[in-house]
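In the two assemblies presented below, chain A is common to both, partnered first by chain B and then by chain C.
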Partner chain A sequence: MSKKLSVTICTGTLCYVMGGAELQVLEEYLSPEIVDQIEISGSPCLDCCNQDGAGKAPFVKIGDKIISEASISKVVDAIKEELNVE
Partner chain B sequence: MAINKKFFVEVESYELCEKGQIVSGDVTIQHRGKGRVFVILSDGRGSGVKANIKASVISSMALHYTLLDEPVERAAQTIIHTFVSESAESEKSATFTILDIRSNGVVNIVEFGNPLCFVIRDNSNLKLDRETIEVNTEYGPKYVYISSFEATTEDRIILFSDGVEASGNFTKRLPNGWGRDGILSFCREEIVGNMTISAYDMCRKVIAKAELNDLFSPKNDMTCGVVYFRNPRKILVCSGAPFNEKKDEILADIVAQYDGTKLICGGTTSQIISRELDRAITVELKRDSAGLPPTSMMDGVDLITEGVLTLSRVKLLLERNVGGDITQTGTDGRVARMLLQHDVIEFVVGTRINPIHQDPSLPVELELRRNLIKDLAKLLEKRYLKEVKIQYI
Partner chain C sequence: MAVNNAVLMRRDLLTRLSTLFYSGELELKVDRIPLDLRPKGVETSRCCVYKDRAMLRYKVMALLGFNIRDEIDELTPLSDYVKIAKERTELSKEPLTVVDDVCSACVKVNYVVTNMCKGCMARPCMSSCNKNAIYFEKGQAHIDSDKCVNCGLCQKNCPYHAIIYIPVPCEEACPVSAISKREDGTEVIDYDKCIYCGRCIVSCPFGAVMEKSHIMDVFNAFGSDKKVIAMVAPAIGGQFKAPLGHILGAIKSLGFDDVIEVAKGADLTTENEAKEFIHKMEEGQQFMTTSCCPSYTAAVGKHLPNLVPFVSDTLTPMQYTAQIAREQYPNDILVFVGPCLAKRHETFCDENADLMLSFEEIGSMFVAKGINVGTSEAMELDTAIDSTSRGYPVSSGVMAAVNAKIAGRVEVNPLVINGLDKAKLKELKSFPKGCSANMVEVMACEGGCVNGCNVIANPRVASRQVGEIVKNG
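Showing the complex of A and B:
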């Protein structure tokens, strides 16, 4: 694996109260093979919460893609899609 | 409240009751106002509730006479007339020490019946010229000592009740008690070990040692008060994005230039500072025991937290805390402790409002940052006697 896929979870106020708090345990929902291929980090604010049209909080950034209204299952699916795994 | 730009006057005291008692007969009070700091230590003699009430009355009398700038003699006379009885130990049936610390650093000391205090400068005992005043009472003359000196940064005043001085009495190791010299050399050793030991730590250490001298069952109430003239400890708290984006740079500059502890409370705020100063932020994705969003780190900044949720919890903690130490391990406890460890707290509040925060459909109510910080500042100033500044940006 050359470069890991970056997964950035927003931990800002808005994302946090809108359900982002749960996303911190994301890693527990992923298989070790997937965990190996990604790099999870946090961001104090992804700067989406004050932009119109970015969708609704909470936000997670996968690669260059912003996922809005992120939930664990939505993020897991998006990661799998990016990595092309089942 | 810093009473002088030169230094901050930290006052702390700690006490232990005689074994078997639930309240102490020693009372220490501290009062700040009109640019002055007053510290009173009174020993009601004996232990328990009665002694405690007596000492409380004496200290409050002493404080009010001093506040009214009444001559010391009068204050002393009234207190002595009211409380000193003819018993053999009459000198000791009501005691007090009054420190009146002025904004120019002049300290006036009045002592009656308590062990004489120490002033430690450059780690040696500063000799005070004590003048003796004779107070005539129906039980014969009583003697009050008055003295004064000009404090400089790093001076310390150590006050203690006779229970501390006598601690260890009749034990094998200290048959004659700890004594003045013992206490003095203990304090000096502590200062050698830590040049900037706070008044808070110092009074606790003295009492812990005295308790040990009495083999952990204090034979008398023991109290130690410490006054420490030190450089003020400053903390900068930045929260909120500047109203105008052009000010982002100014905000970052304030953070970069500040000499003191730096705390940032706010996601967007920290992003702005990170971008302007070109310093990366790492979020510590850990679960917080208080259920608050995680903290982050940046070079040159002591702590970064989320904004309004965290600050409103900090406010709650400080509101509910009554005199004890804050022991909570969550981010709220951490921030509260950080604030309390400083003397001067400078808030820089960004006034840009994130409209989405005001969306009524949010699952929790987000307080307006400005009001929140105003309340927090008031609390820190009034209850915790901090010097607080707020700057809006």
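Showing the complex of A and C:
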């Protein structure tokens, strides 16, 4: 099987306070088939919060793509899009 | 607590206030906050940008610690409120305030006839209504809000399901009917009934019920020549993605002179509650309940008088910690850092503790000061603290600690009441007539303090993290 899609959730304090804490339960919203194809990890800071134009926290990195104002549903959709699954 | 836009807006406002405080520009720029959040041309959440700004202004007022109904008129700028807050020495007794202009969005009468009404000949809605509140206009039924008593009979009897029930979320969430509408449709809290569970805050989709924050008073304390001591509730262990020592270190770096874990006081609660339990069982008392959830003890005091003799007399971990801290710092300022409104009220009533910051407020202060908890300098943990004391904030944690301390000296038949609602209150009321257990732990929030009304982390994630701390303690 090809390399797994990396999903990196920022667990920095800014992201965590601004709603990112909820993303810790992301896996519960994904089917086992999708979970098999991805690798979820946390990052102490994706370094997006201090960059102009990066959007608002919380941030999640899916592959090379940065998702801003990440919510469970937004991240689930982005993962499905990357994996090309329904 | 589920994260939603109302919650995030409150955190955003707290962060902006803290940022201005730390940069020394609070008075100068506080009036800009509503404009910065709703600049010209942006999409608004209500009718227009001006209404949005007015609502945000009222929310800032609450966060500055004011009762919104005390406002004379809108011409008083927020900077004036900051000035008043800087001078004040006393906290408001009532911990909540309602943002009226937002609040009135809810219906006065819970039943509405939709346009699915066929205006049928039988008109069972009309014949079932005992209050004569149904009238017909242009071939459809309507409800006279002055006559309707929300009995719901019209809805039950409509063969077309054309009548719907619209809840008032805060009233529905309140387990003790302490919040109700005034004549003008805005909600008012009856403090003779309120048990400070915070459900109204969490349930209002407009974020119209707000706690009067002590954040300004904490800022004042930082500016005074007194030391400022943080006493941190054990639920903090699950609030950030970082080890406990780092979280405590990060709190210290906000400007506190010392940080004390409330788990230290929990050691005393465990010890004394175990002793008290053994004593009461030997005396032949039927059962004993825990006393550390102030929302539960308020519920007993205001709604379950027959339970009073069964509640443990032992102080809460916060009260013991405040005693210890007061001995060490007789003239300084003690700030409790905790998860909920009930603890805010407990702090207000405690003779030793001075102020309270919620986890949300602490989190917003971290953001404002650019503190990343995970990379903060760790504080050394107090190794004398029993690990079970750090497990208090998760449902059945208090029971586990006290039970371990009793160590089989008397038999314990445990019962855990995990979250208070109307049904659970009724159940508790029946306990003096017969209770299957002899020790009852009660926490008002489902899951325990990790699910308090102003926590940051998902309660399940927080419980796991607290569990790890206890295990590794």
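Definition applied: the second predicted complex is superposed on the first by the 86 of 86 C-alpha atoms of A that agree within 3 Å, B and C clash if a C-alpha of one lies under 4 Å from a C-alpha of the other, contacts with A are read in each partner's own complex, and residues count from 1 in each chain.
In the analysis below, a contact is a pair of C-beta atoms (placed from the backbone, for glycine too) under 8 Å apart; a residue touches a chain by one contact, two chains touch by 3 or more.
Small disclaimer: the values here were computed from a predicted structure and weren't measured.
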Q: May I ask you to decide whether A:Glu22 touches chain B, chain C, both, or neither, giving the answer as first, second, both or neither?
A: second
Q: Check whether A:Asp47 is in contact with chain B, with chain C, with both or with neither, and answer first, second, both or neither.
A: first
Q) What's your read, chain B or chain C touching more residues of chain A? A) B
Q) In the superposed arrangement, does A:Phe59 touch chain B (first), chain C (second), both or neither? A) neither
Q: Return the residues of chain A at which the contacts from chain B and from chain C coincide.
A: 11-14, 16-18, 21, 24-25, 42, 44-45
Q | In the complex with chain C, residue positions of chain A that touch it | A | 11-14, 16-19, 21-22, 24-25, 42, 44-45
Q | Touching residues on chain B, where the partner in the complex is chain A | A | 266-268, 270-271, 281-285, 287, 291, 293-294, 296, 304, 306-309, 354-357, 362-364, 366
Q) Okay, in this complex, where on chain A does chain B touch? A) 9-14, 16-18, 20-21, 24-25, 40-45, 47, 49-50, 57
Q: Show which residues of chain C lie in contact with chain A when the two form their complex.
A: 2-3, 7-8, 11-12, 15, 239-241, 250, 360, 363-364, 366-367, 371-375, 456-458, 460-461
